[in-house]
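Scrolling down, you'll hit the structures one after another.
Same chain, two partners: chain A is paired with chain B first, then with chain C.
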Partner chain A sequence: MELVLDRVLVKRGEVSIRASCAFSPGVHLVTGSVGAGKSTLALVAAGLLPPTEGSVERRGIARSMLLFQFPELHLTEKTIREEISSFGVPVDGVLSRSGLFGRGEEDPLSLSRGELKRLLLSCVLARDDDLLILDEPFSGLDCTGRLRLCREIGKKRGGIVILCTHERHFLPRVDVIWEFEDHTLACRGRVPEAIASWQGAPAGIKALVAAGQVPQNVSFEDIGEAACRTRD
Partner chain B sequence: MMIRVEGLSHGILSVPILSIPNGLCVVTGRNGSGKTTLLRLLAGISVPERGSITVDGRDPATLERGFVHEFPGKNSLFSIVSQEVASPLWFRHALCEEVERAVSRAARSVGIEGLLSREVRNLSGGEQVLCALATAVVGNPALLVLDEWDSHLDSDTAVHAEACIRAMQIPHVVWCTQDMDIAASADYVVFMEGGRVRYSGTPLSVFPALKDTCWYPPSWRWREWSSSSTVSS
Partner chain C sequence: MQDPRLRLLAVVALSAAAFTSVHGAILAFLWWACTLSGPVCLWRSRWPLLVFFPLLTVSLALFVTGGEWASYSLRLAVVLLVATFAFLDQGPGEFLSVCTWLLGRGLGFDCGLAGEIALSALRFLEDEIRKAKWAFSLKGMPIGIAGIVPLSTGLLYSALRRASDQGDLLVARGYSGGGSVCARFRTPFRDILVTVAALAIAFIAFRPLGEFFILIQ
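Coming up: the complex of A and B.
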């Protein structure tokens, strides 16, 4: 199973976003500042935006799902229950996992932003897709929700997960780190080796690397563990 | 001069008394704890079912206010950035030259001069938020309310936005965020839980109570880790 972007170029206004890369099964962290091209990459990878140049090839990928940065873009139904059903997943399980048990008959637009995000995350995580693309899944979640999402992503096995985010403090364990540099996607390699060459790494990780204590992975726990190792 | 809340009861919110001094106040807490409801009341968008809110002794609805919504894409009314930023002044029939001056000033103050001729829908999520901020400040508000608008900004941009907002010297800024490093740099913090104010005060007085939780500011945690080790950040 593999998603291959071959010399892809997408023009967005004055900016050209470029990616030539292959995503294999595992969790891929895609980072970069605002406007770098993360959401554009997510749309191209999901097959929703044809590239201006180059090609996208899906090898052995039968089912895929993209979670948009803005959760309200997903809404098609009048009740939370119908919205969950539209994802083809069991309603009651998702209701309780998203903390909305007993609220199935309410309008999804009556939820707060964080609640809506939690609902849609529970829907997409309950599916079993070969390719799951999450565009800024942490935005709008409080820190307890972020930590829980990290654990949920960590449980995903077998498929390709592409995680496009600017989140720096609460990340799941990932397999590969990618980074946008001048709107061009660059691969930093597999974790933990990739961590030392991650240019946009959070200050804490950079300081650990400088002190020779490269964390095992990029999760909150891994960074805390590496920081403890540096103590006398 | 301050924001005063007295005997407030509205939906899930119950705030007997709260005083927020001038400057940058961060409102934070769990999803669904009533933050947005409180912000809408402070901004004068909703009227309290019971109790009162005053800003410098006045009804917030009588002040010049700016508000950035949590769904920035839904904020925009016009297709071009410069038109969107100008819209609050157009609606009050301001003179064209005055609008032009105010739009360039607002765009400069948040660093989006280069985006003015772009279409709003073609902006990235973060750029849309900066456009919404410029629109909110174009009328020189006395009160600026930002509702988790920074969830679409990367942390460098959020720091840039905070510096821009501080430089504007708006008397009251109420900023709802999940970024505890922003909260740690605020003048005042309000931490909500289940519709109530659980903690309020300066960051130094609020965060020690949250030390063993994920709410503790990452930069503080890091400083403490590094001061007890060989790592320096």
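Coming up: the complex of A and C.
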């Protein structure tokens, strides 16, 4: 199973976004500043936006899903129950996981943005997709929600998970780090080796690398563990 | 057109010309097709053509009831084409600049701001419709009749939320009425020629066709 972007170029106004890469099963962290091209890459990878140049090849990928940054964009139904069903996942399980048990008949637009984000994250994470693309999944969530999401992403095994985010404090354990540099996607390699060469790494990770204590991964727990080693 | 003031003048003149008479509508259409980048604008974004659906409905009703459907449809279609051009050719902030230049920092700024917010909402809507189609596509669902209600509700909801955010932002920035815009307009010679052509069309449109031929004799 593999998603291959072969010399892909997407023009968005004056900006040209480039990517030539292959995503294999595992969790891929795609980072970069706002406007770098993460959301565009997510759309291209999901097959929603055709590239201006190059090609996208899906090898062995039968089912895929993209979670948009803004949860309202996903809504296609009149009730929360129908909305969950539209993702093809068990309704009661998702209602309970997203803390909305007993509210199935309400209009999804009556939920706050945080509640809606939690609901849609529960929907997409309950699916068994070969390719799951999450565009800024942490936005609209509080610290508890972010930590819970990190744990949920960590549980996803077997498929390709592409996590496009500029979140710097709460990240799940990932397998590969990618970074946008001048709107061009660059691979930093597999974790933990990639951490030292991650140019846009959070200040905490950079300080640990400078102190010679490279964390095993980029999650909150791994960074904490490396920081404790520094104190020793 | 690069000068939004001349664009507005040309659009007002052509809309009046097209609405007034059939020959005015034909000349305005020729202006749209030949003089400017109207067809190019439509190629860039064709969704504003949706405004033609209400016109089709009214034309059909006129046809059924035996009204002057051909003349009405032609004249209104050209008015809508010119309006579509005006919308697509306009850049963000231009309407605000023109209104403030024309009507001053008080009323002009307020009218310009209201118009600018409305125009940005229309541009935003185009993007929202595309994303809503993506949402249906991701779930493998066709947008059928049943999908129209949630789709429209979602679009309305996002428009209201955006309006609320914009209102909050204006208050946070201390807006209470009026304001100034430091606009700079570029007026290429081509824009002047095109505007003169539009004004000439308006002049011809307001005269009976026979009278016009007598004038040029």
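Just so we're on the same page, the second predicted complex is superposed on the first by the 231 of 232 C-alpha atoms of A that agree within 3 Å, B and C clash if a C-alpha of one lies under 4 Å from a C-alpha of the other, contacts with A are read in each partner's own complex, and residues count from 1 in each chain.
The rule is simple: a contact is a pair of C-beta atoms (placed from the backbone, for glycine too) under 8 Å apart; a residue touches a chain by one contact, two chains touch by 3 or more.
Worth saying up front: this structure is predicted, and the values here are computed from it rather than measured.
J.: Judging by the criteria at the top, classify the pair chain B and chain C on chain A as clash or fit.
T.: clash
J.: In this superposed model, does chain C or chain B come into contact with more residues of chain A?
T.: Of chain B and chain C, B contacts more residues of chain A.
J.: Applying the touch criterion given at the start, work out whether A:Ala46 contacts chain B, chain C, both or neither, answering first, second, both or neither.
T.: A:Ala46: touches chain C, not chain B.
J.: Is A:Ala227 touching anything from chain B or chain C once the two structures are fitted on A? First, second, both or neither.
T.: A:Ala227 contacts chain B only, not chain C.
J.: Have a look at where A:Arg118 lands relative to chain B and chain C in the superposition and call it first, second, both or neither.
T.: Once the two structures are laid over each other on A, A:Arg118 reaches chain B alone.
J.: Between chain B and chain C, whom does A:Gln69 touch in the aligned arrangement: first, second, both, or neither?
T.: A:Gln69 sits against chain B, while chain C stays out of touch.
J.: For A:Gln213, decide between first (touching chain B), second (touching chain C), both and neither.
T.: The answer is first: A:Gln213 touches chain B but not chain C.
J.: Taking the superposition as given, does A:Ser139 touch the first partner, chain B, the second, chain C, both, or neither?
T.: A:Ser139: touches chain B, not chain C.
J.: Considering only the touch criterion stated at the top, classify A:Ala22 as touching first (chain B), second (chain C), both, or neither.
T.: A:Ala22 contacts neither chain B nor chain C.
J.: Tell me which region of chain B runs into chain C after superposition, given the options 3-11, 21-29, 39-47 or 75-83.
T.: Answer for the clashing stretch of chain B: 75-83.
J.: Which chain A residues lie in the overlap of the chain B contact set and the chain C contact set?
T.: In chain A, residues 72 are touched by chain B and also by chain C.
J.: Per the contact definition, I'd like the list of chain B residues that touch chain A in the complex.
T.: Residue positions touching the partner: 29-32, 36, 70-71, 73-74, 118, 122-127, 148, 151-157, 178, 180, 213-215, 218, 222, 225-226, 228-233.
J.: If you look only at chain A, which of its residues touch chain C in the complex?
T.: That would be residues 43, 46, 48, 65-66, 68, 72-78, 86-88, 109 of chain A.
J.: Would you mind writing out the residues of chain A in touch with chain B in their complex?
T.: 12-13, 32-35, 39, 69-70, 72, 99, 112-115, 117-118, 136, 139-147, 166, 168-170, 203-204, 206-208, 210-211, 213, 220, 224, 227-228, 230-232
J.: Looking at the complex, which residues from chain C come into contact with chain A?
T.: Chain C reaches chain A through residues 128, 131-132, 134-139, 141, 147, 149-151, 153-154, 157-158, 161.
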